[in-house]
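Listed after this line are the structures, all set down as structure tokens.
One chain, subunit A, links the two complexes that follow: it is found with subunit B in the first and with subunit C in the second.
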Partner chain A sequence: MSLPKPVMRGLLGKRLRFHLPIAFTLSIISAIAFKYAVTEPRKQAYADFYKQYDSVKEFNAMREAGIFESVRPTGE
Partner chain B sequence: MLHLTAGRVGSRLASRAAAAFSVSSARMASTSHAVSDVVDMSKPLYWDRRDIPLPDRAFKESLTAADQSLKQKEKGPWGQLTKEEKIALYRMSFRQTYPEMNDPSAEWKTVVGGIFIFLGITGLVVLWQSIYVYPETPPTFDPELQAKQIKRMLDMRINPIEGFSANWDYEKGQWK
Partner chain C sequence: MFRAAVRLSVSGVRSLTRTQPWCQAALTSRCYSHGKEETDEEFDARWVTYFNKPDIDAWELRKGMNTLIGYDLVPEPKILEAALKACRRLNDLSTAIRILEAVKDKAGPHKEIYPYLIQELKPTLEDLGISTPEELGIDKV
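Take a look at the complex of A and B:
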């Protein structure tokens, strides 16, 4: 019948001391993971695309395909 | 049409969930029936709820003579009560212990079964609708016109870096 007295104080503090470091670590890890899995490859993809990009050639290809209304293909 | 289905199912689920919660969390026991099963809501009620450790009134209001003599004995030092007497006094004040209250029930099977039944009925309704209600799909859904749309998107160089046109090999004229 003599149970120990349950803990009455400091419950939120104990929970925060346990969960806050975990929360911060996980957030930082997920941010770093996103940076190196998504944004860095994307920046590299854009850089590689524009290294070899000839805008005039692309424009002429699009013009021949007939998608523009201001410039028709060279045949017409 | 997919939005409509989700909305209908969502509202059905919400009403089911509300019904389930209201039934399971408020298991009321009032022994003060007067005429029929009408509860006098103006008087304190007894609730078995996890967040109400001391309900507004004791469970048993009308005590027998034996109960009343036990209540008198309760007014003295509690060390003199036997274990059975203490349990009897507990049961006079409360209908269920916390473990009994927290025991899981099999109600979830009913809820999940009901959800699936209503999903099935909704599926049948949507099927009937697609046959008898919806108008003809526009001609732009035909495979030839869809192919023309894709060709036009590739000609326009839609998302040429990471998206749509990036997957098309312009030299070879085929998907990468």
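Take a look at the complex of A and C:
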């Protein structure tokens, strides 16, 4: 039983031609998915937080808590 | 090959492989945009001639094998036969057996290639008295 001649040339090229487009496509899809599943919600969360943020109110709350050295709570 | 890899962009690659001829990365490391492309037979004949040089030296044998292994192909039996005979002329049995290990490795996941090569090389192996790695038990880790 004599073995037939197999394909012996271009094996890596064939593999790359098949796998590289898939690899690039999947990477780009993962990047896009990460952007819209993670980074955009995070940016939106920050935006929402700071939309109604009153920095003076927060400062005064911190001041009353006594954490600053340059400005003491009112009443000291 | 690098130029070919750079050309592969996600959006373009499918249309690229349909519209442009895939460069024979096996034969040369350059993509010919002009000039004759070497046929497989010419490539094989060139390498058979290289190893058939009667006064080939050890360096040329090693250099030839290293270059040949760098290509995207498993060498044809006739090239390997010439290389094994060159090993015989140089009294280098270890390189002869190493050549067999190397082509088995070149085949990668395609397990049908190595048995075919051994089948084709059997007369030469017997004639020159070369044992295969399997016969010596050195094919297993």
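What we mean here is this: the second predicted complex is superposed on the first by the 76 of 76 C-alpha atoms of A that agree within 3 Å, B and C clash if a C-alpha of one lies under 4 Å from a C-alpha of the other, contacts with A are read in each partner's own complex, and residues count from 1 in each chain.
Basically, a contact is a pair of C-beta atoms (placed from the backbone, for glycine too) under 8 Å apart; a residue touches a chain by one contact, two chains touch by 3 or more.
Computed from a predicted model, the values in this text were never measured in an experiment.
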_Taking the superposition on A as described, I'd like to know which of subunit B and subunit C A:Phe49 touches: first, second, both or neither._
first
*Who touches more of subunit A, subunit B or subunit C?*
C
*In the overlay, answer first, second, both or neither for which of subunit B and subunit C A:Thr25 touches.*
second
*asked:* According to the stated criteria, A:Gly75 is in contact with first (subunit B), second (subunit C), both, or neither; which is it?
replied: neither
*Name the contact category of A:Ala61: first (subunit B only), second (subunit C only), both, or neither.*
first
*With the two structures laid over each other on chain A, which partner does A:Pro6 touch: subunit B (first), subunit C (second), both, or neither?*
second
*Do any residues of subunit A touch both subunit B and subunit C, and if so, which are they?*
none
*Quick one: in the complex, what on subunit B touches subunit A?*
152, 155-157, 160-162, 170
*Would you tell me which residues of subunit A are touching subunit C in their complex?*
2-13, 16-17, 20-21, 24-25, 28
*Considering the complex alone, what residue numbers of subunit C touch subunit A?*
5, 8-10, 13-14, 17, 22, 24-26, 40, 72-76, 107-108, 110, 112-113, 115-116, 119
*Mind listing the subunit A positions that touch subunit B in their complex?*
42, 45-46, 49, 58, 61-62, 65-67
